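There are two complexes below, and they share chain A, which is joined by chain B in the first and by chain C in the second.
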Partner chain A sequence: MTTTLSPATPLLAVRDLSVAVDAPEGLRTLLDSVSIEIGRGEVLGLVGESGSGKSLLCRTLVGLMPSTAIRRTAGSILLGGQEIAGANETALQAIRGARIGMIFQNPTSHLDPVMRIGDQIVEGIRFHQGLSREAAKSLALDIMGQVGFTDPPRQFSSYAHEFSGGMRQRAMIAVALACNPEILIADEPTTALDVTIQAQILHLLLDLRTRRGLSLILVTHDLGVVAQTCDRIAVMRHGRIVETGAKRQILKDPQADYTRTLIASHPSMPAKLDAGLAVAHSGEARQGAGRPLIEIDDLAVRFPAGGGLFSKRRNFSAVEGVSLQIWPGETVGIVGESGSGKSTLARAMLGLTPASSGHVSFDGASLGLQRAEALRALRTQAAMVFQDPYNSLNPRMTIGETLAEVLSVQKKIPAAQIQERVGELLDLVELDRNFAYRKPRTMSGGQCQRAGIARALAIDPRVIVADECTAALDVTIQAQIVALFRKLVATMDLTLVFIAHDLPVIRSLCRRVIVMHHGRIVEEGLSEDVFAHPREAYTAGLIDAIPDIDPDRPLSGRSTP
Partner chain B sequence: MLHRYRFILTRPLQFLPVILGVSIITFVLVRLIPGDPARVLLGTKVTPEAIANIRAQFGLDQPIWQQYFYFVKNLLQGEMGRSITFRIDVLQLISTRIEPTLALVFSSVLLSVLIAVPLAAVAARNEGHAVDHAVRIISTFGIGFPSFWLALMLILLFSVSIPLLPVSGYGNTLSEKLVHLVLPSLTIALSLSTVLMRSLRAAMIDWLTSDVATAARARGMPEGIVFWRHVVPNAVVPTINLLAVNIGWLIGGTVVVESVFALPGMGQLLVRAIFSRDYMVVQGVAMVFACATVFVNFLADIATVAADPRVKL
Partner chain C sequence: MVRSRNATLYAGLTIFGVFVLMALLAPLVAPYDPIFQDAAARLKAPSLAHPFGTDNFGRDILSRVIHAVRIDLQMALIGVAFPFAIGTVVGAISGFLGGLVDAVLMRLIDVILAFPFLVLMLSIIAILGPGLGSFYIAMALVGWVSYARLIRAQILVLKNSDYAMAAESLGFSKARILFRHLLPNAVAGSIVFSMSDVVLVLLSGAAISYLGLGVQPPTAEWGVMVAEGQGFVTQAWWITLFPGLSIVVLAFGFSLLGDGLAKWLGVNG
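Then we have the complex of A and B:
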């Protein structure tokens, strides 16, 4: 921190800000008397679940309303002592970017896909700092270096789609820094990223704060992220600030009930661990003699990569030399960064992706040798739950139709009982029976994921493979879905293969954990052992990178990619 | 980045089967039309010997597969046979007729783009306002009116009521030709531009509300920069292929417009050749149209790769 204003003269002060939308039934309040302050070089964490108004608040600060029907009804926004609420468009354009910059959750959709990364950085420099083309370019290369691009002169000419998610977020930060802002609003900047990449991006943001005296507003639903990075926290819910104060004070001694719930539902909290292990042990009891349900022997899955008419075709190994046995009644977690081969392994397990070499057997039938038989067994006894709850449900079918379709195809129960069974399935996943008549687009992410789980249960499976099924959900919803899985595993005779990049979720749900890296299994064992005493440096790094809710534990992970 | 353009070398190989297919279909179809070129040429009062003579002269008395074999053989040698009615080489005939058609297609497309882009921009940037509605209503008329009617109305308005432009014909000098092309091109552009305009407007509205535009606004970019630098380059991508498909349709569609305006182009030639059952000319013109359509789509592929760095072909 280079300079710090005294709290009496904050850089940005929002007082009693209210925002409402013109709805057919009259004005509906979206933000209700919100007051926040941020000093120079300070990091403010804005926490709350989706729909709490965090993003709307940020956009209101720079006058970028998501719709013309939404407007500010009261309150003031003081930037450096100057009123900017209600300023005209020209004045706001001079503030946006140049004084208050923004980065967003999804860099892929916010970066211009048909413009070179370098040109997008140069655009801001030239517009706000009025430099010549050459000067702007050399400054852009400098900024690219600052945010961790390894080869700025070459990467200047690259397009967004040529980078990984983490690098795109760095590019987005570079584009924001090009305008040289005093305050940077980071709206869920790491939600879409792996833990290790998340740690790198958070490091970068903190580093920039220190070097440039930047103030940060970090919007997140993850209290762990806040605990590791922020000076102060503001907790939002239903458009109100329910609690605000210094980080330690809020985490150690939360006043509002909602803050307490939020802290309790953080996956790193130990209470969940015990419950998870209780389930795991009951699973262990069931597992005895007999053969493994899924047996994988020296599996490799390779995809053709690159090459073409004039160059030699190369293969990319998604999974290489993996051997694994999954016993009936087990809960197995597979963790690893994205690109580590988790999802490919899961798909190969279910016969959705052919093995390049090695064997996969389901219930004793080999997918390679007795393909028809094994597939028949798989399709009637194994089910998958997908990452994206919206897009994995047919938007034109009601949930009831989706479930009934599975039931009638599987023919495990007579047609007359299908409607009754649909109701039972909805009960199982704790959805109201009315949801049978609703379509995915009228439902929240958590409700859609419950429907997705109901669809998996509809085939009455022996094994469920859940692929990153909580990654797209809020932390509170995530906790509910994990609790649902825990209940299902405990009450039904179910084997669960749970794939996630989120280690705390695995730790709390699975008895056994498998760590994957570059397509290989680097470590496996009982969750409690692996998490307490990781043998491999890679596993230790993953565990280290989890943002812990304990503010005294430093944020780890490297700052450079 | 050059490897993205490697398909320019390999793609033409894929055109060969397409062209071959077109040649078979046109060859067979044109012979399925009732009537006999010799009979059309010689009229009704004629001896069977004379007809047989003409048929032998043009090889029409041979089995169809043999005729096709000679057709392909000649084609590979760069010949398309002789016209029965014009009594000259088909290739030579086409070469005298290709210029007006090319000029018409080019000027219509240029005019369409010049009309469509500003209208789409105005409509998209004022979505839901009076200007937007006006543009959309006008464009509905453009789609609704058939081109032969539109052509007649334009002639009535600009050649008869206000005698500014010639009624029909082509002319000899460049300026004469340009003047004669105004109304035919406008006829085509009035309907083609509406198709482009609708697609562009929809894409522009999508990109105006996209995250890319939001991010640009959040960097303080004024609306003009957001629109022309970020929205337009993204919005034209899907329109490139639409334009290519429409140019393909347009190449065949010049038939009507050339007939109405008496432009001595390929369309007009095609109509006359069909009526006189001049098989060689019909085949030849159809082959040229097919090649042109394939070539336009090839150009569109190159343009798409240039406009969108994510596209790989």
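Then we have the complex of A and C:
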């Protein structure tokens, strides 16, 4: 690949780009005079919360509008000095993939499930480079090796569902590379992945940049990812670029208020409240005093897996040999990668999934021996908050109806006071009282999650088990929800079990942390100890893989799996 | 927001509304008595006096078509309501409880589905004797299986949703979880399906009457009228055409209603 442009000319230059949607009430602006540039081999980080227009901007670049009602109203897009805004469909098709490639957050839905991975790569090579089938195949194998497939000839004939999330993302990168693009747009490529896999994928992208001279536009909401990978940063909000500049300059000396908020809400920043909270806790939760609220002894949860009509049934252990005590007033974090058994443990803890062996006791009553009694106690004193804020609320009921129903089933307060209590609960989670009349689909993810927390609080619980409840939210919203939990724990004499794959969130919220791997507890201890001096190599690996907002603390993790 | 643009729903509702009005006001709207036989005016082609013509007994087709709305609308609605109710309850319980109950109910459904629909209907009606009552019973006994399958599939998905688990963790009873939380979310697809099922019921009702097992002459019913006019198709096409068209229009109205409801309720497919 030869560079015909002088280094001064950017490879891609967007100037004053505006995009609007035809709404019934008139034209509504979605992107407002956006200007960005990217040079050859440069990595540009595009940061902002969801709805800020990041993805729309990327789609506009290649002329893939999400709806026909959305169109460009002003501005130009220069690719290698040539105007591509307003180009016709044929011209755009030659640009898409061949010059600007894209990869997305969710590889599962962007890979063809019934086509072999290798064939999907070959298709791109043949269409854009016009090679013969044999030549294309050998090039495809080469690309698969480059993106870190361990055994390309064998994996060539595998389907997407046979791979893990990380390998699927590699496959999607391979498909994008097959067209040999000059610019790769990566739209939240690691958001759905565990930290260790995320680190591998980011390394891979940087690697490709150096080896192929690829320019990267990395769309993300995580400033940590940006700090570790990008050369320049553009911060977007409400369809505008609020700030753009070199990475170090923006991270060290942000000019816009919004950028400052973003940096401050990054979980790797030390939370100011932490010290005070830890002290308060060590006072309340003195181990050995009284009895543990939840006691788990050698718990195993197994699910039947595989096996069919003719083969023997085998069991898959989600949780194996877990013993654990949770004391009243504690905040305990459970971390681990996806598939480590965190959620199963949470469900078993609340008697929602039966234990295959071992014991779970709640407040002294064993779920195995005194089942009815233990369940009664659990159902009135323990509540759960879920990952997906929309899926965890009944879509046909208003928030007020949802809360009122819990209150009337639990019968802890007289019926006449229910309406008043609903209002109080909304106050507690800092939602306006009008939300009582709204249904989940009219609310944002963060608002739904607050409603979910209000529902948990409605039973006036002693324990709340929060299962990945910030994983689906934007950073700024995530920080708000964590702050809400911190407030609730501090003011309400609540025991909190907080499950997450996101270590920084746990570090900033929980006093004690439990690390799970393959269904077992590999390490546990006070958060500050575990994070500062992890005993196990697995824990150390997890901690090192967190993208730190400080660009001088490089990311660990190799680029090959 | 989307409601204002749901033209399909309104078109369906309009057609349905017109038929309901016709049924309610039949004696006022119809120009003649539907069973009055005018020997002097037999097999008259459509004219100003008889816009749809007359049949071989000299009865006014327009009046008969209008009066038949009462029977056919009732047949369509009752013929769907019972299967819908039975199927919803059976499907919900089957999907929610699972295990042995589910296995037994699903095998029963397989057995019912193994017989051709009309054959099963006809044999039940043959046992019970001809008449509308037998038709409704046969419909209820045979028609519920599709609803049960639809609802069961929905419940199977929904019972693993987070809000079902949330409800369980909050100490809600099984009945409350099923009937207050899962069923209202599962039923939308069936409501839409029932609209297309109405069309089927209407046609099988007409078919049953045509075979002489449903509504008995001289009562006006579209299927019966088509059957009666069959012998005169070459001389007097109007006897079969107008009741036939009415079936088509009402069926079309229900289809539109189904599509409109699907959009309104947010059901895919």
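Here, the second predicted complex is superposed on the first by the 538 of 561 C-alpha atoms of A that agree within 3 Å, B and C clash if a C-alpha of one lies under 4 Å from a C-alpha of the other, contacts with A are read in each partner's own complex, and residues count from 1 in each chain.
Just so it is clear, a contact is a pair of C-beta atoms (placed from the backbone, for glycine too) under 8 Å apart; a residue touches a chain by one contact, two chains touch by 3 or more.
Remember, it's a predicted structure, so these values are computed and weren't measured experimentally.
Peer 1: Which partner chains sit in contact with A:Leu352 here, chain B, chain C, both or neither? Use first/second/both/neither.
Peer 2: second
Peer 1: Touch test for A:Val114: chain B only (first), chain C only (second), both, or neither?
Peer 2: first
Peer 1: Report the partner of chain A that touches more of its residues: chain B or chain C.
Peer 2: Partner touching more chain A residues in the overlay: B.
Peer 1: Please work out whether A:Asn391 is in contact with chain B alone, chain C alone, both, or neither, and reply first, second, both or neither.
Peer 2: Touch status of A:Asn391: second partner only.
Peer 1: For A:Tyr159, select first, second, both or neither according to whether it touches chain B, chain C, the two together, or no partner.
Peer 2: Touch partner of A:Tyr159: chain B, not chain C.
Peer 1: Looking at the overlay, what does A:Glu528 touch: chain B (first), chain C (second), both, or neither?
Peer 2: After superposition on chain A, A:Glu528 lies in contact with neither partner.
Peer 1: According to the stated criteria, A:Asp297 is in contact with first (chain B), second (chain C), both, or neither; which is it?
Peer 2: After superposing on A, A:Asp297 lies clear of both chain B and chain C.
Peer 1: Considering only the touch criterion stated at the top, classify A:Ile459 as touching first (chain B), second (chain C), both, or neither.
Peer 2: Once the two structures are laid over each other on A, A:Ile459 reaches chain C alone.
Peer 1: Scan A:Ala382 for contacts with chain B and chain C and give back first, second, both or neither.
Peer 2: second
Peer 1: Touching A:Phe104, do we find chain B (first), chain C (second), both, or neither?
Peer 2: The answer is first: A:Phe104 touches chain B but not chain C.
Peer 1: Help me check something: in the complex, which residues belonging to chain B touch chain A?
Peer 2: Those residues of chain B that touch chain A are 1, 6, 10, 210-212, 214-222, 225, 229-230, 233-234, 237, 307-310.
Peer 1: So in the complex, the part of chain A that touches chain B is made up of which residues?
Peer 2: 62, 64, 92-98, 101-102, 104, 106, 109-115, 123-124, 127-128, 157, 159, 161, 172, 175-176, 178-179, 308-310
Peer 1: How about chain A: which of its residues touch chain C in the complex?
Peer 2: The touching residues are 347, 350, 352, 376, 378-380, 382-384, 386-388, 391-396, 405-406, 409-410, 452, 455, 458-459.
Peer 1: For the complex, give me every residue of chain C touching chain A.
Peer 2: 161-163, 165-173, 176, 180-181, 184-185
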